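Lettered A, B, C, D and E in written order, each chain numbered from 1.
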Amino acid sequence: MFPPIEDIYRLAPELVACLFGMLIMVVDPFLPRERKDISANLGLLGALASMAAIVLMARHPGAGMYGLLVVDKFSIFLHMIIFGAAALVILAADEYLKQEGILQGEFYALVLFATCGMGIMAGAAELMTAFVGLEISSISSYILACYRRAVLKSHESAMKYFLLGSFATAFFLYGVAMVYGATGTTFLAGIAASAGGAAGNQVLMKLGFAMLFVGMAFKIATAPFQIWTPDVYEGAPTPVTALLASGPKAAAFAVLLRIVFTAFGDAGGTWFWIVWGSAALTMIVGNFAAVVQSNVKRMLAYSSIAHAGYMLVAVAAAGAAAETDSAAGIAAVLFYLAAYALMKLGAFIVVSHLGGRGEQRLALDDFAGLSTRQPVTAACLMLYLLSLLGLPLTAGFLGKLYIFKAALDARLIWLVVIMAITSVVGAFYYLRVIWVMYFREAHEELTTAPVAPGVAAVMVVTAAGILVLFFFPGAVMNFAMQGAMALR
Amino acid sequence: MVPPSYYLVLSAVLFGLGVVGFVFKRNIITIFMSIELMLNAVNLAFVTFSRVVGNLNGQVFVFFVIVVAAAEAAVGLAIIILIARHRQSLNVERVDLLKL
Amino acid sequence: MAREGYLLSVVTFLPLLGSLGLLALRGDDHVWLRRLALATAVANFVLSLLMLRGFDAGTAGYQLEEFYRWILWPPVNYHLGVDGLSLWLVILTTLLTPIAMLASWESIQKRVKEFFIMLLVLETGMIGVFLALDLILFFVFWEVMLVPMYFLIGIWGHERRIYAAIKFVLYTMTGSILMLVAIIWLYGVSVTGMPGGTFDLPALQLLLTTGQIRLAHTTELLLFGAFFLAFAIKVPLFPLHTWLPDAHVEAPTAGSVILAGVLLKMGTYGLLRFCLPLFPAAAKQMAPYVATLAIIGIVYGALVSMVQPDLKKLIAYSSVSHLGFVVLGIFSFHPVAIQGAIYQMLNHGISTGALFLIAGMLYDRRHTHVIKEFGGLATPMPAFTAFFLFVCLSSLGLPMLNGFVGEFLILLGTYQVNKLWATWAALGVIFSAVYLLWAYQRVVFGEVTVEKNRALPDCSARERLILWPLCVMILWMGVGSPLFLSRTETTSHRVIEQMKRPQTPQLARGEPQKKAGAACCAPTARIATQTVQNEAGPK
Amino acid sequence: MFMLDYLWMIPALPLVGAAVNGLLGGRWPKRAIDAVAVGTTGLSFVAVLELVHEFFSLTPQQIPWVKSYFPWILAGNFRADFALQVDQLTVVMLLVVTGVGWLIHIYSTGYMADEGGYYRFFSYLNLFMFFMLTLVMAANYALLFVGWEGVGLCSYLLIGFFFLKKSASDAGKKAFIVNRIGDFGFMLGMFLMFKTFGSLDYATVFSGAARMPVEPLGAAGVLTAIALLLFVGATGKSAQLPLYVWLPDAMEGPTPVSALIHAATMVTAGVYMVARSSVIYAHAPTAMTVVAVIGCVTAFFAATIGLAQNDIKRVLAYSTVSQLGYMMLACGVGAFSAGIFHLMTHSFFKALLFLAAGSVIHALHGEQDLRRMGGLRTKIPWTYWTMLMATLAISGAPLFSGFFSKDAILWKTASSTFSTPQGNQLLWALALATAVLTAIYMFRLLFLAFFGAPRYDEHRVHVHEAPRSMLVPLVILAALSMVGGFVGVPESLGGGDRIERFLAPAFAAAESAAPEATTEHAAKYSHALELVLMGGAIFGAAVGVLVAWRRFLVGKPSRFEGTALQKNLSTLLQSKYYVDELYDALVVRPIQWLSNTVFWHAVDERAIDGTVNGLAGAAREVGERARLAQSGNTRSYATWVVLGAVAVTSILIWLVK
Amino acid sequence: MSAQLIVFFVLAAVAVLGAVSLIVARHPIRSALSLIAVMVALAGLYLLQGAELVAVIQIIVYAGAIMVLFVFVIMLLNAGEEERTNLSRMARYVGLPLGFFLMLQLAWWVGRGTSGMAPAGGISPALTKNLSTLLFRNFALPFELTSILILVAILGAVVLAKRER
């Protein structure tokens, strides 16, 4: 009756995360105000421990929990991204929470729970499981978004995220129902097996897929479902924004990719054009809207939309190449996800550090002369921006390279051209931040708090990661490739 | 013997009404209600389909949906309370500090 | 696998090393910052001269090659090599960098540390561009160079520096991003001829010339277009030139020197290195249009430069005109003309570099580039006047000075191919005299009009130290051209050689099939790739 | 055979002088500078004499004697060596250049004694010698072009020597640029030559050209094209129509410069070049005709202007243009040796004229206006006498050098076989008219300057004879202009016409290509006829002198005087036919307008930059539009989601099959 | 026209009307009540399809617990009449039409797609036993996860409701 021990191993990271989450919930209330850092350390420890647990999980590949969950290279790769992101966020959040003076213990617990949910999404081989995982991560994120309870913007972002999020989830659920109705199962493999039955089922399948896509596209934030992103990202506490930008996106991509390639793989034609259009629209909207932003945080939000678009290009490429091989595209997505997580996390964390108390310092002008005030911070931020821009010596460049390659192999010339042009547009706003930091003189009253150790650590890790991913992409790319293979 | 498609059409209609409600309502709470309406529609579809495809998974899913709905309700209402506390209005259109 | 020492790597990365050294120094220790930077640059110059020793003028192919694997999939390699084309350009770079440093010895006072770091990083980038034989590696250097240049203009530039800097970067990126796409596409094509494909330039060249891979005509045109756009912007070719005047006027002296001296050459270098050998058919088809643009550039640039009130702008537009000659020479596909083009690249680097240095010296004294502000400088600054004249003469192509040899060869070669082009282009020879002599007259001749100028100091020892080497080079290259040309000879012929394609269409697969995409993804195929890669690496 | 092996020393010596003076002269005393400058040129003159001596010991097969030193340009199939050559033509030129050049150097030491930038002046002058010698000794067109442009540079520098004067630097610039226009043609000529013969070496080119058929009159073949293109260069360098405009302005330079560069040597480079390329021209009668006509018209045209100028140097300048026209005419009618002959004599008397004029100016403390001179005959006798000799020579007084050379040209023009007899007669008539005019304006100059009452303020200006350093050259040159002609006494006067026979081998190829003189042609143009025409020429000169005497010395106004026609005519002449104004209006201004208004502001700033910035603006516009979607209103957001859902479902259901 | 069909139509009518009144009602309480009505009607439909357990839970948990929570909050905030602002032209002129269009599209295509469908014969009746085996064995993972979900919800409620310090 009790599931075999291997299944426990297969769930190891999630379990560890949850255990630590609960532990924090138990411990935190008993901690005096000034010793809250214990729960911070516990959180960090939890994240790291669950990262370690990934190894345990990796040792037991294959389906588990009656086929609801699958451990493959794909899932492992995403686990690393997700839990890594969580660890970094927790690392950096400490300073933020202190300066904002908001209660901390629950924060880390929630981050861990959210991560757990994302982990489930990454490994889910069945739609309902994915859905539950999705809900866990979403609900935790709603709360996190609302974490600055004294701040109206924070509520607002939480409210918008919550309303629209559950709206989208409803669509997702409806899609699940349709697919279930059409195939009699919600197991991805099963769907693939029984797809394409009677004509009627075809309609249901199509509706089902459409709804599932809406749900996932919403989480990934691709046009026209990107609409919530800027507001939520801006309103949420910046570390949370960092998490939102990296973790859930990766998890949602995991689900989308599984749905698209495992469940609907052979029906490539049916969804290709949707992805195509959405990708093009997303890149355009994201990049152009970012040009006119004066709030750096919001600008980064738009840029993350744009990057979702880039990744979608790779998905489209994989789709176009579906009948022969889509590994290249999927691998490109995975690699880009990794790179993207690094640079976005880094950028948002630095921004949260610079934002100062109450996030008052997010306007572009507040970054003036940063290069003289905090050279290293400025240099790191520049690195992230250049990476987002896709300049060489950064992971972003190789990411773009792989996406371009996949897209060109799939002959998506126009998508490539759009991507190229829009990424040049990207230069506009990334460079603007750089020149404000470096070319403008700081106006006097600007003073930035010294970099907290946590933030420093995050900057080191992310910056190093970005460079390493450029100079030695071999291992990562190999892993991504195998993960991609695992999907088929 | 009622053909399943009747149920499904009904669920579709309810779902659609939920969507319309979301777009139409201004009061945050009622908007949330229309989401609940959509979830209910989904449940109906699940139950019906489970009857059609001949396994009980659908009904099991209904439980999950309900639990999720509950959780969402708890959190959502909490958020709504916060909003209501800080600005004496539940009109969703008045909540637009974040824009452009 | 050819491994002939590590000289090229050393030459490429020594400046980077130096910049790291600078990082270690204290920011306010200007003296030692300058000294260390200069020492690095000079050392690099000496090292680069060592290339001449190992370089055999007789062999056409790449020499002193270095080849290491970098990324397994797609197979990107660290592949350096030098040939007649890149040899002198590298030396030009290593020569101009220390000179640029000396030029900014005193004029740069804020953020000295960053300044010299940027210069050194820039040098690494430029040398890398000239030496890289792997398309991706090339592109990496090509893009990396943007950043330090962006900063040089943006931080140490003059009034409208921001606009200039951003304009510069956006212009360049627009071209280069498309080039990246084209590179990847080319890789995709290469897969059809070689399992796993390759980004390696010699390998690609071999595949193309032996007909193992063929480009469908439209494909070739598109790829050519993408590459050409990137390079044409860099050159800059009319009508893509408008970033140049702004960038030059706003950049600090050192920036302008490097920009005019080396960066512009990357465009023409790229044309010679990639556009012609890789896409001959397209190049031939487009030649008339390109030549027309080049000629327009020559005349147009000269005329516009004639009426510039700002000395630096004037020189900038003259660059447009001069590089028009180079492009024309390249696209006449005549060995003599190509020789001339290569030579003209070097000449322009030295002469225009010197001109900008001179403009910089005026700026140091009077903090303006406006010609009206000067006049009659011959009285207070005789030595300066002499240098200025000498450089002007070399720039307007007086025989026995370097400029003439280049222009003459270009026109001579072009004339053999197309009389009309050469005739129109030769007009530039007249106009160059007009604008340079006119500017010269307005600056140095006549009575001193502005009181401030009456007591201007003549060239300091440092400034003489900067200008003398350049003047010597100018004369030397004007009289002893064979020394240089003999080493570019084989290269220029090889370009023509590489433009040949086998006529019999074996495996006329223009487009890379999706299979190709697949093949290079399968791990097994990837291993195969590498094995092939190793033989196919440097040929 | 020392000199023949070390030809390079001849140009190298002045170069050394130039370098030494230019780099070190600044800190040296005048004496040292003189020593270097005069010494080096003198040495190269001596070297030339030695060379000539050795030259006569060469067998005809060894001529032209070519020595190649080092390759200058090597590229593909193009090769240009630093190679010098010597043949009869070169010898004459060398003697003229170094000889006259040396004299003028000596003269300058006196003339420039109290000018600033002394060392600069001499280093430029030496540099000029170097380039001029390179020009005449070059063994291929590329190297010739080096000298060609080099002398242009030096003339630019020397004209603008007094750089404080705007007019001076302007004149220098004008000279260089106008020459560049000529060089444009010259370069194209070289390119075409290379395309045709695959080389620019004289040997290859000439032998190649000699083998090609003569192109009929009126035909425009390759050789004609080459010849005409080269001639464009010649018009620039030798101040022929339409590019003569720079020469008069060039008088802004110091007088010795005018004497050396703008009278004796540089301006004759064009003539030399045409003569050097005689083979090519001989094969292109069309080109020949053009050359002849241009030369002849220039001669007349310039002479007319010379009549009305008041600046002593400008008069001489226009006379130079006119005399150069003669030489071109000679070349044009195939009388290359006559052309060179006149080139030589002209270099004597014209140099003398300038130097003498210089001495006059020197005496009057820089006064150049003829209207403020007069009665100098007694005050500066040496100058007067030497100048008289020169004037007689140029006016073609019998037995003076000018007489023989000019007469040779006139006769050859009349008897040319290159164009139709009518054509010849026309050219001859015009040339004769020019001769008359020459006599008039030269004697006008003489009378106005040296005769009559002094028209300058005698209290301030006390006239004094020039120092010996200036007089010696005057005297030597005077002697030369008197006797110099005897190397070319025509057969008709029982002379051997030595120079023609000496130069014959240099133009042999050209001669052979020239149309065969038919027997009746030979009969028609007999010695008798030649003597008759000669008489005509002498008579014409006499008339000219008389007119000048009557008008400017006696001062008796003719009936013609005072008429409206005369007034307009004289203003027209005084303002030199408004040619400069014409060029300014037709060429200079339009180009400036085009560059400034159209190209720079309209195209560059509006069109191109406008587009670029417009694109940037457009990006912002799109951004503004895109952000409008972010109304901040959740209902709108929901609408977007619904929109998406509808789109996706519809696409899947309706579009995807 | 069997009895079942009649019952179905009655319940369906109730559901739809309830939904409509949920939308049109100005006062939140009325909306809430109408939603409850919908739920009850749906519970009836579940019964009609032999899904007793679901029906019961629908009544107890959904209509009972969750909706009570809603009503409670409405009371707590004593939210009054909804003000029908129209700040979003988008929603008014695009959103509503599209919403209806989506409804019709779904209804139409689902109807067509499932027209042929008949209940699969011989299925294991929805006995609580069978359900629980599914729930506690095959779907144990999501089931356990829901516990975390609840935990998160509680945590969230705590965090958000806790008074500012």
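Quick notes on this structure:
Simple rule for what comes next: contacts are C-beta pairs under 8 Å (C-beta built on N, C-alpha and C of every residue); 3 or more make two chains touch, one makes a residue touch a chain.
Because the structure is predicted, anything quoted here is derived from the model rather than measured.
Counted as hops between touching chains, the shortest connection from subunit B to subunit C is 2. The fewest steps needed to get from subunit A to subunit E, moving only between touching chains, is 1. Distances between chain centres, each the mean of the C-alpha atoms, put E farthest from subunit D. Core chain by CA centroid proximity to the global CA centroid: C. With centres defined as mean CA coordinates, subunit E is found 104 Å away from subunit D. Centroids built from CA atoms put subunit D at 40 Å from subunit C. Chain centres here are Cα means. That of subunit A falls 26 Å from that of subunit B. Between the Cα centres of subunit A and subunit D there is a gap of 79 Å.
Residue numbers of subunit E whose C-beta contacts span two or more other chains: 87-88, 91, 95, 99, 102, 106, 109-110, 114-115, 117, 138-139, 142, 146, 149, 152-153, 156, 160.
Residue positions 616, 627, 630-636, 638-640, 642-643, 645, 649, 653 of subunit D each touch two or more of the other chains.
Annotation for subunit A: residues 128, 131-132, 135, 139, 142-143, 146, 149, 159-160, 163, 167, 178, 181, 203, 207, 230-231, 428 touch two or more other chains. Which chains touch which is summed up as A-B, A-C, A-D, A-E, B-D, B-E, C-D, D-E. Those residues of subunit C that touch subunit D in the shared complex are 167, 170-171, 239, 241-242, 300, 303-304, 306-308, 334-336, 339-340, 376, 378-379, 382, 393, 398-400, 404-405, 408-409, 411-413, 415-416, 419, 422-423, 426-427, 429-430, 433-434, 437-438, 441, 444-447, 479, 481-482, 485-486, 489, 492-493.
On the subunit D side of its complex with subunit E, the touching residues are 631, 633, 635-636, 638-640, 642-643, 645-646, 649-650, 653. Note for the complex: subunit B touches subunit D at residues 19, 22-23, 26, 31, 92-93, 95-100.
Of all the residues in subunit A, the ones that touch subunit C in their complex are 321, 324-325, 327-328, 331, 386, 391-393, 397-398, 400-401, 404-406, 408-411, 416-417, 420-421, 423-424, 427-428, 431-432, 434-435, 438-439, 473-474, 477-478, 481-482. By the touch criterion stated above, subunit D contacts subunit A in their complex at residues 616, 619-620, 622-627, 629-630, 632, 634, 636-638, 640-641, 643-645, 647-649, 651-653, 655-656.
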